[in-house]
Structure formats: C-alpha cells, structure tokens
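Given below, in the form of structure tokens, are the structures.
Each of the next two complexes has chain A plus one more chain, namely chain B in the first and chain C in the second.
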Partner chain A sequence: MLLELGKIKITDVQPGDATKVENGTLYVNTEELINLALEDDRIKSVKIEFARPGESVRIAPVKDVIEPRVKVSGSGAMFPGMINKVKTVGSGRTHALVGANVITCGKIVGFQEGIIDMSGPTAKYTPFSETYNVCVVIEPAEGLETHDYEQAARLAGLKIGAKVGEAGKEVEPDEVVVYETKPIAEQTAQYPDLPKVGYIHMLQSQGLLHDTFYYGVDAKQMVPTFMYPTEIMDGAITSGNCVAPCDKVTTFHHLNNPVIEDLYKRHGKDLNFIGVILTNENVFLADKERSSDMVGKFVEFLGLDGVIITEEGYGNPDTDLMMNCKKSTDAGAKVVLITDEFPGRDGKSQSLADAVKEADTLVSCGNGNVIVEFPPMDKIIGTLDYVETMIGGYEGSLRPDGSIEAEIQIIIASTIANGYNTLSARMY
Partner chain B sequence: MSNIVVVTNNEVVHEKFSSSYCVEYHADATLLETMEHARDKIHRGHKLLTHPLSGSVKPNDTPYKTIVISAEKGRIDFNGLKFIEESIASTIKFLDGRRTPIWTDKVKADFKLIDYTIISTAIHSMDGKYIG
Partner chain C sequence: MSKLRVVHYINNFFAGIGGEEKADIAPEVRDGVVGPGLALNNAFGEEAEVVATVICGDSYFGENTDSAKAEMLEMIKKYSPDIFVAGPAFNAGRYGFACGEMAKYVEKELSIPVVSAMYKENPGVDMFKKDIHIIETELSAADMRNAIPKMTSLVLKLAKGEEVGSPAEEGYHIRGIRVNYFHERRGSERGVDLLVKKMKGELCETEYPMPVFDRVDPNPAIKDMSKVKVAIVTSGGIVPQGNPDRIESSSATKYGIYEIGGMESLSADDFMTIHGGYDRAFVTENPNLVVPLDVMREMEKEGVIGELANYFVTTTGTGTSVGNAKGFGEAFSKKLVEDGVGAVILTST
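So, the complex of A and B:
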C-alpha cells in the first residue's frame, strides 16, 4: 500500500466568504461550518472562533482535535465508517492542511476535557499552541443523554475537519511525502538483512468517553487485527476518548502518529517496518488475555524481531501493556514500551499500575502529576467554569483573576503516551 | 450472566443491576474501601473478573468503583489478588498526593454514569463468553 501525503503549510487562519487556502492562509466560511454541525438536531448551537499561536487565548474544555485532510485520489474518503462509506483507505494521494486544526470544545460531562493555552509558559506543553485553530464550540440540545451528545460532538468534529480539508484538494502542496508498506512476503524480501519491526498500537476501549473507532467499529468489540500504517493517515482510526486530557490520543494524533512517522523514516535504513498490530484495552481480564494472546500470535506469525508498544490512558491499560510486552517477548521480539507516568508529584512513587520483568526498555513521555502555573488570558474560548472539576484541577485551582494552578495532566496531550510531546524522563 | 457478583459503591449500578445480577452494594464505602471489599472476597476464593482500575479516571478523582468477581468460590486466584493489591497500592499513592475532591451532585452523577457505563458495556460484551 502506497500513500502520497501532500503537506500544505498553513500560516494563518481568517474568516472568509468561502472556505479556501490562498498563499498559506486558511479562509473559513464559518456559516457553512455552523450549518454543517447543525444538520444534527442533537446540537442546539455552534460558535466558531479562531485561535492563533502567540495570542492570549485559553481554549477549554477541549474534546477532540482534527487535522483537516482530503483524499485527492485512491479508494475511500476521510474517516471511513464514521462520516463516509466503509472502504479501505491508505493508498493514492491525500492532502493535509498542516499547521491548521479543527478543535471541538464544550462541556460533555462535569469533569475531564482539558486546556490549550496559545501563549504563555504552559503553551509549550501542547502541540496545538503552535497551530492555527478553528475552534467549534458546541452546545447540546436540552435533555440530551451523555452518550448522544458525545457522539454528536464527535461526528461534528469529523465532518467539519473533512469539510475544511476539502479546501486543500486543488492546492499544490509544499511537500509530498511518500509512505509505502508492501504485503508481508514482498516487504520481508525487500530488506532481507534488516530487522523486521512492528508497531503494537493499543486503542482505548472501555466505554462511554473511553472509546476509539476503527473504520467505525467500536474497538472494544474487535479482536486484534493487522493494519497497513498508511490507513491511519486517512482517518481509519478516530477518537471518542474524552478522558485524561494529558494522554488522550486525539484524532489529530492518530492521523499524525509519531511512532509510525519515525518507523517510516528509518524504513529501509536500519529496520524493515512491517506494519501495525491494532489491539484494545478492555475491562474484563478475560478480554485482556484474549487480545494479548492474539497480539503475541501476530508477532510470531509476522516473524517480528522487534516491536514498539504504545498505550492510551492510565491504570488498567498498564495491564494490557504488560501482557502485550510479555507475550511479544515470548514470541521472539525485542520490545520497547512508550508511555507516560503517574509517579506522584515528587516522582518517587511507582509510575505504572502494573509491571512484568520483560518490561526492561521504556521510553517515558513525562510525569502527569507535576504542578504548573497558568497565567490569566485575555480571551477564553469555551468556558473556565469547569476547571476545578477537570482532571488535574482541584478546589482552589481557578483564582478570581483567571490564573490557574493545576497538574500538568489538565493540558491536552502534555504527556501523550505515543511521544508526540516534548516531555520525557531519563534514568542514569 | 448469573455467575457473577458485582461489588460496588455506585448506587446507579445497584439500582440498574440488582434485578439481573447479584450486587454487593456498599453505600457508604469509599472507592478504596470498595476495592478492599473486593480484595477480601478474592481471599475467600472468588475470582477477579474485571480490572480494578477500570476507566482512565484517576482513583483520587472518581469516588465510585465497581468490580466484577465470580460467584463461585474455588482455590485462591493469585493472579487476581496481584491485580487488586497493585490497584489498591496505586490508589493509595494517588490519594496520598491529593484526596478525592468533594464534588457537586452534578459531577458525582457524571462519575456514577461513567462507572456504570463502563461495567455495563463490559458485562454486555461478555455475555455468552467464558469469563473465568
């Protein structure tokens, strides 16, 4: 499977009569986007606001972040099984508006979703302080159940992301990157002397506000499967996760998975990137056994010499992480884990909720318990009403002047457990 | 699924599950005490069926916890005991860092809903499967 990803660099966002890209500026017809979201009668009202790097703007609470993309050629359309027909994606050509994002915000439950600061000392902890953001502030219809609202907000974000992405269809990209993974026999034969490396991608799948979708399938209902890495770049995986802002994998992070990106960079140089094993993080221990058994089986069947495993979330996913680590090791692969840590504010407590002796190589994406200070901002997109009840916030977090003291886990993607961040920890 | 016991301090789980499942409801227990109740049952020979740290909401944020164990008793489930002891240790670590806030009724209702939904979808997805 071969995908050409055309990257159109966006350097500003402005309102406009039509949604289009000109000389790096994304113009957005806000009315068009509002009407698109309002097609769903579960949504009462929608407001579109812009947030640019360096502005004194705080966005909260954030649900999802979507990079606008469009299929230019090849089968399928963006986010298959969610907002478009089910059809295998990941080949042909796709254009991405790199540097622009659609951010859905608004309250879903009285806790959870996190913060993005566009400037100040906390901006550096989230990648979305450096992008030109089209913020979609959603209000649900009266009396809507949480399930329905989460779904409506999720689909609105994807629809708007895809709509804005269409603006890039006819634009000449600034850069075109080609990614290719061949069927297993050919791929193995192409670089016979290089170690075969796979990526085990664990999807959050525990229930309401903890879900992820693969071609529209709720990940808790699937058994582990094989995915060509380029499928993810066309939106085969979408996020329904609103839990623990710091390490939730937004749809943006699926589209731009850094493990896949880096494995491709080294593909054919010092490793042979065979593909992605997708698995889930379910609640029943029997499901964990079943899924990790199947992961081990894939590692053996594909003849992988090495695997990288990432997880999403804290607590019971640590058990899946360790089961996958052990069974991949038993199947003959060397294993590297990537995750964030919750070792307490002083960093001295146990980082993960589970461990096995095979887990001897781990890349840390930082400590979610660290306290940070947020200065007041001139403009709030969304609301600060819920700061003290967001995860990472606490009583007294929000001061009358709008400044905040909270754990770093309140910031979107600050310790994201696939490495799309700047924090880490080193052991000497 | 008649072969399970649902240990919970979540009244929504108690209300919705009691007609279908055996529910051991500890109305006044904290999240930590609920885990300890489940742990004590594991010591008495019940098997742990769901991960005690279900959900990614941290154990010093949500006050509610539901854990599913087997109705049958047998030899001690040492693997399950390990999971629940590690989960209790992890919970104490979080609580030592910061106590669970005193939430408004609205937020409590959201936490109850999340805990209930996680367990109900999990039980539903296991229907007809071997769960031991």
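So, the complex of A and C:
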C-alpha cells in the first residue's frame, strides 16, 4: 500500500467568505461549519473561535483535535466508517493542512477533557499551542444523555475536520512524502538483510467514554488485527475517548502517529517496517489475556525481530502493556515500550501500576503528576467551570483571577504515551 | 542582605571530644563553629554563617533516637536557622544514621533546607536518600575539602529556591525521584533508536528501570463468614454529597471514613462520586454500584455475614501514588482492626 501525503503548511487562520487556503492562510466560512454541526439535532448551538500561537488564550475543556485532511485520489474518504462509507483507505494521495487544527470544546462531555494554553509557561507542554486552531465550541441540546453528547460532539469534530480539509484538495502542497508498505512476502524480500519490525498500537477501549474506533468499529469489540501503516493517515482510527487529558491520543495524533512516522524514517536503512498490529485495552482479564495472546501470535506469524509498543491511558492499561511485552518477547521479538509515568507529586513512588522483567527497555514521556502554575489568560475559549474536577485538578485549583494550579496531566497530550513530545523524566 | 543562619550537626569524634569511649555523650549545643564547621563556614563565605553547632554521641543517638532528636530540635530552634547541615559522615554508619535522622526531622519540623554527605556504602544513604539530599563523599575525612563546597553550593540553591541540578551535576547520591526534563529528541525517535540498538545486541539503556512492588500474600480463607464483621473499603471515590473532606478527583492525598449506620442503601441524594477516572453517569444515579450497601444489608439480614461495619472507607484510586495508597492503608487498617472488623470487601472501578 502506497500513500503520497501532501503537506500544505498553514501559517495563519482568518474568517472568510469561503473556506479556502491562500498563501498559507486558512480562511474559514464559520457559518458553513456551524450549519454542518447543527445538522445533528442533539447539538443546540455552536460557536467558532480562533486560537493562534502566542495569543493569551486558554481553551477548555478540549474534547478532540482533528487535523484537516482530504483524499485527493485513491479509494475511500476521510474517517471511513464514521462520517464516510466503510472503504479501505491508505493508498493514493491525501492532502493535509499542516499547522491547522479543528478543536472541539465547550461544555464538558465526561470529566477528563483538559486544557490548551496558547502562550505562557504551560504552552510548551502541548503541541497544539503551536498550531492555528479553529475551535468548535459546542452546546448540547437540553437534557441530552452524556453518551449521546459524546457521539454528537465526536462526529461534529470529524465532519468539520473533513470539511476544512477539502480546502486543501486543489492546493499545491509544500512537501509530498511517500510512504509505502508492501504485502509481507514482498516487503520481506525488499530488504532481506534488515530486521523485520512491527508496531503494536494499543487502542484505548476501557469503555464508558473511553473508546476508540477503527473503521467505525468500537475497539473493545474487536480482536487484534493487522493494519497497513498508511491506513491511519487517512483516518482509519478516530478518538472517542475521555481519558486523562495528558494521555489523550487525539484524532490528530492518530493521523500523525509519531512511531509510524519515525519507523518509516529508518525503513530500508536500519529496519524493515512490516506493519501495525492493532490491539485494545479492555477491562476484563479474559479480554486482556485473549488480546495479548493474539498479539503474541501475530508477532510470531509475521516473524518480527523487533516491536515498539505504545499505550493510551495509565493504570489499568499498564497491565495490557506488560502482557503484550511479555508475550511479544516470548514470540521472539526484541521489545521497546513507550509510556509515561505517574510516580506521585513527590516523584518517589512507582511510575507504573504493573511490571514484568521483560520490560527492560522503556522510553519515558514524562511524569504527569508534576504541579505547575497556569497564569490567567485574556480570553477563555469554552469554560473554566470544570477545572477542579478535571484529572490533574483539585478543589482550590482554580483561583478567582483565572489562574490555575494543577498537575500537568490536566494539559491535553502533555505526557502522551506514544512519544509525540520531547518531555521525559529521569532519576534524580 | 544579612547572612543566612546555619546550624551544623556533628558527632563526638568530629567535635574533638573523643572516639568510641565518648560515643555515649548526650546532646549539647555550642555557639559558632566546632571542628569541620570552620571549613563549612569558610565555604559559605558571604552568603551564610554557622551560628551554632549541635553535638551528640553516636551511641547515645542510636539508643535514644526519639528523645535525642526532640532535645536537639529545641536547641536548634533557639537559633532560628535558615539552613541545617549534618556531617559529613563519610563511612561512619551510626553517624550516617544520626545525620540522616536529624536532617529529615529538622526539614519536616522547621521546613528549612537541609543537606548531609556520606560515602556510598554508608547505610544512611539508602535509609535517607529519598528524604534528603546526601552529597557523595569518599571513605574518610580526607575528602572533607571536596565534600564541603558541594554541600554548601547545593543547600544554598535550596535556600534561595534555585533549581537543583541532576545528581551528577551537584554530586549527590541518586535519590530515586522522577524529575521531568525536555529531551532534544522526541520519545518515538528515541524508541526507534533503542529498538535498532537492541536488535543489534548493542547496549541500550532504559529510561525507566522496572519498579519493585511489595506484593501482599492473601490471608487464609475465612471458613465461617456468618460470625464476621465486614467493612467496605473503596477506591471508587464515593463520598457524602458536597465532598466534605475535599478528597481529590485524581492523585488523592487523603481518604475519608463515612457513616452508614441505619441506612438500607446509599441514596443518590446523600452520596456522590468524585472519582475522575471513570464515567460517573451510572454511579451518580446509584452509588450502590460502587459501595454495595444494598446487597450487603441483604446478606446481613440473611446471616451470610455476621454484621456490616457502620462506616465505609473511601478514596480516589486514579493517579494516586503507591506511596500515598500505602500510607492510607496502614492508617485505616489499624482502625478496622480496633473496631473488630474481620474481613474487608475492596471495591475498585
């Protein structure tokens, strides 16, 4: 499967009569986007606001972040099984508005949405302080049930993301990157002397607002499967979860999965990237055993020499991470884990909830329990009403002047456990 | 600006009082510097001054630890210090213990920065490195002139609220504390790099060695539950409406004990959940899903259990450190045992 990804660099966002890209500026017809969201009668009202790097703006609570993309050629359309028909994606050509994002926010969906600061000392913890953001502030219909609201907000974000993405269809990209993974026999033959490497991608699937979707299938209802790495770049996987903000693998992060990106960078040089094993993080032990058994079976069947494993969330999924590590090692692969740490505010406790001796090579994405100061911002997009009950917040977190004291896990994707950021932790 | 005030702790030997034969001397305090305090005072220069020295025999401290600590704390308080320095103790084990105990105690009671210094094999290092900064020294006092400037540099940074560098930069023993920093490369790139090295059989150092957990063996099974008093303990964050003890939604630092005497079930009017790690929708409607009071009352009536304790113990599990959780367990278990509770049902979420 071969995908050409055309990257159109966005350096500003402005309101406009039509949604279009000109000289790196994304113009947005806000009315058009509002109407798109209001097609769903579960949504009462929508506001569109812009947030640019360096502005004194705080966005909260953030539900999802979607990079605008469009299929230019090849089968299927963006976010298959969610807002478009189910059809295999990942080949042909796709254009991405790199540097722009659609952010869904507003009245809290669950309790684990977090904060994005566009400037100030906490901006450095989230990648979205550096992007030009179209914020979709959603107000649900009166009395709407939580799970229905989550779905409505999720679909609104994807629809608007795809709509804005269409603005890039006819635009000449600043850069085109070609990614290719062949069927296993051919791929193995292409680089016969290089070690065969796979990526074990654990999708958050604890349920009850902790959901991820693969071609529209709820990940907790699937068994582990194989995916070409380019499928994810066309939106085969979408986020529907409300895990701790710091750990939230937003739809943006699925489209821009850093492990896939960095494995491709060394594909054909130091390793032969065979593909992605998708698995889940269900809460029942029987599910954990079944899924990790099947992961091990894939590692053996594909003859992988090495795998990288990432998780979404912390605590309970640490057990899935460790089971996958052990069974992949038993199946003959060298294993590297990427995750984040929760050793307590004093940094003195165990960072993970589970451990196996095979987990001897781990990359740390930082300690999520560290407390930081958020200065007041001139403008709030959304509301600060829920700060004290968000993960990382506590009573007294929010002060009358709008400043906040909270753990960095309240910041969207601050310690995301797939290695997207440079934040790490070391032993003092 | 006036100099910061320092109190220094040393033992009988370094005070020049005597060796093993004087190890039983009781605490005393003297104005100004004694023994190695002179070098310490010189190293502080214009920034700080040793205003007093407290001295105790190593054997005396070991045999009367609690009373010696309390007695010396009173002596130290009188000098209103800004900084407390203990040692260096080098490889003297009992002296290392005394330095660690005193430094930890003074930091806790007076909330001032403290520092000590020891040789890596001094048992005091492992006992106190998580609590205090301990500068790494060689075996003996011959290393005094290297150790002293590191101690003063580090403790002055603490006193001024400046950032303390890594163990390698500052010269202290690794404390086992996880501290954030920004790496020059992102995590995924480092992960791929480690994997390539690992597959080649090259050295690949983990960024986090696996933790050790103290697994608890289950007690023997209870043969006859009908005679046993049972209590419910939960990490599911059920609290009375309004959360009177302000237990956190995540990373809990406290737990609560709440009355359920006379109640047949938990009413949603009286109880709520503050837990930030799961979907609260269903539990908000029915708190018995997490604290199953309704079912336990039935079992009590049917005689399946002897009786139900008239309270439950609760905290939030999500993000709560093992250190805090262990502390909670040690504290409330005593109450459970005192109240004659013979079995506990732990509910999580």
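Quick note on the criterion: the second predicted complex is superposed on the first by the 422 of 428 C-alpha atoms of A that agree within 3 Å, B and C clash if a C-alpha of one lies under 4 Å from a C-alpha of the other, contacts with A are read in each partner's own complex, and residues count from 1 in each chain.
The criterion applied here is as follows: contacts are C-beta pairs under 8 Å (C-beta built on N, C-alpha and C of every residue); 3 or more make two chains touch, one makes a residue touch a chain.
None of these values were measured; they are calculated from a predicted model.
In the three-chain model built by superposing on chain A, chain B clashes with chain C.
After overlaying the two complexes on the shared chain, residue contacts for A:Tyr394 are found with chain B and with chain C alike.
Comparing chain B with chain C, more residues of chain A are touched by C. Contacts of A:Gly315 after superposition on the shared chain: both chain B and chain C are touched. Look at A:Glu32: by the touch rule set out above, it reaches neither chain B nor chain C.
Of the two partner chains placed by the overlay, chain B and chain C both lie in contact with A:Phe342. In the superposed pair of complexes, A:Ala425 makes contact with chain C only, with no contact to chain B.
Applying the stated contact rule after C-alpha superposition, one finds that A:Asp262 touches chain C and leaves chain B untouched.
Contact with chain B, but none with chain C, is seen for A:Asp287 once the two complexes are overlaid on the shared chain. Judged by the touch definition given at the top, the superposed model places A:Gln350 against both chain B and chain C.
Touch criterion met: A:Thr361 reaches chain C, while chain B stays clear of it.
Shared interface residues of chain A (contacting chain B in one complex, chain C in the other): 110-112, 146-147, 208-210, 244, 314-315, 342, 344-345, 349-350, 369, 388-389, 391, 394-395. Touching chain A in their complex are the following residues of chain B: 48-59, 61, 68, 80, 83, 86-87, 89-90, 93-94, 96-98, 101-104, 106-107, 110-111, 113-114, 117-122, 125-126, 129-132. On the side of chain A, the complex with chain C involves touching residues 110-112, 124, 145-147, 195, 197, 208-210, 242, 244, 258-259, 261-263, 265-266, 270-271, 305-308, 314-315, 334, 336, 338, 341-352, 355-357, 359-370, 388-396, 407-409, 418-428. The part of chain C that touches chain A in the complex is made up of residues 130, 164, 166-167, 174-192, 194-196, 198-199, 204, 206-213, 243, 246, 248-251, 274, 276-282, 317-319, 321-324. By the touch criterion given at the top, residues 109-112, 146-147, 204, 206-210, 220-221, 243-244, 247, 282-288, 312-319, 342, 344-345, 349-350, 353-354, 369, 388-389, 391, 394-395 of chain A touch chain B in their complex.
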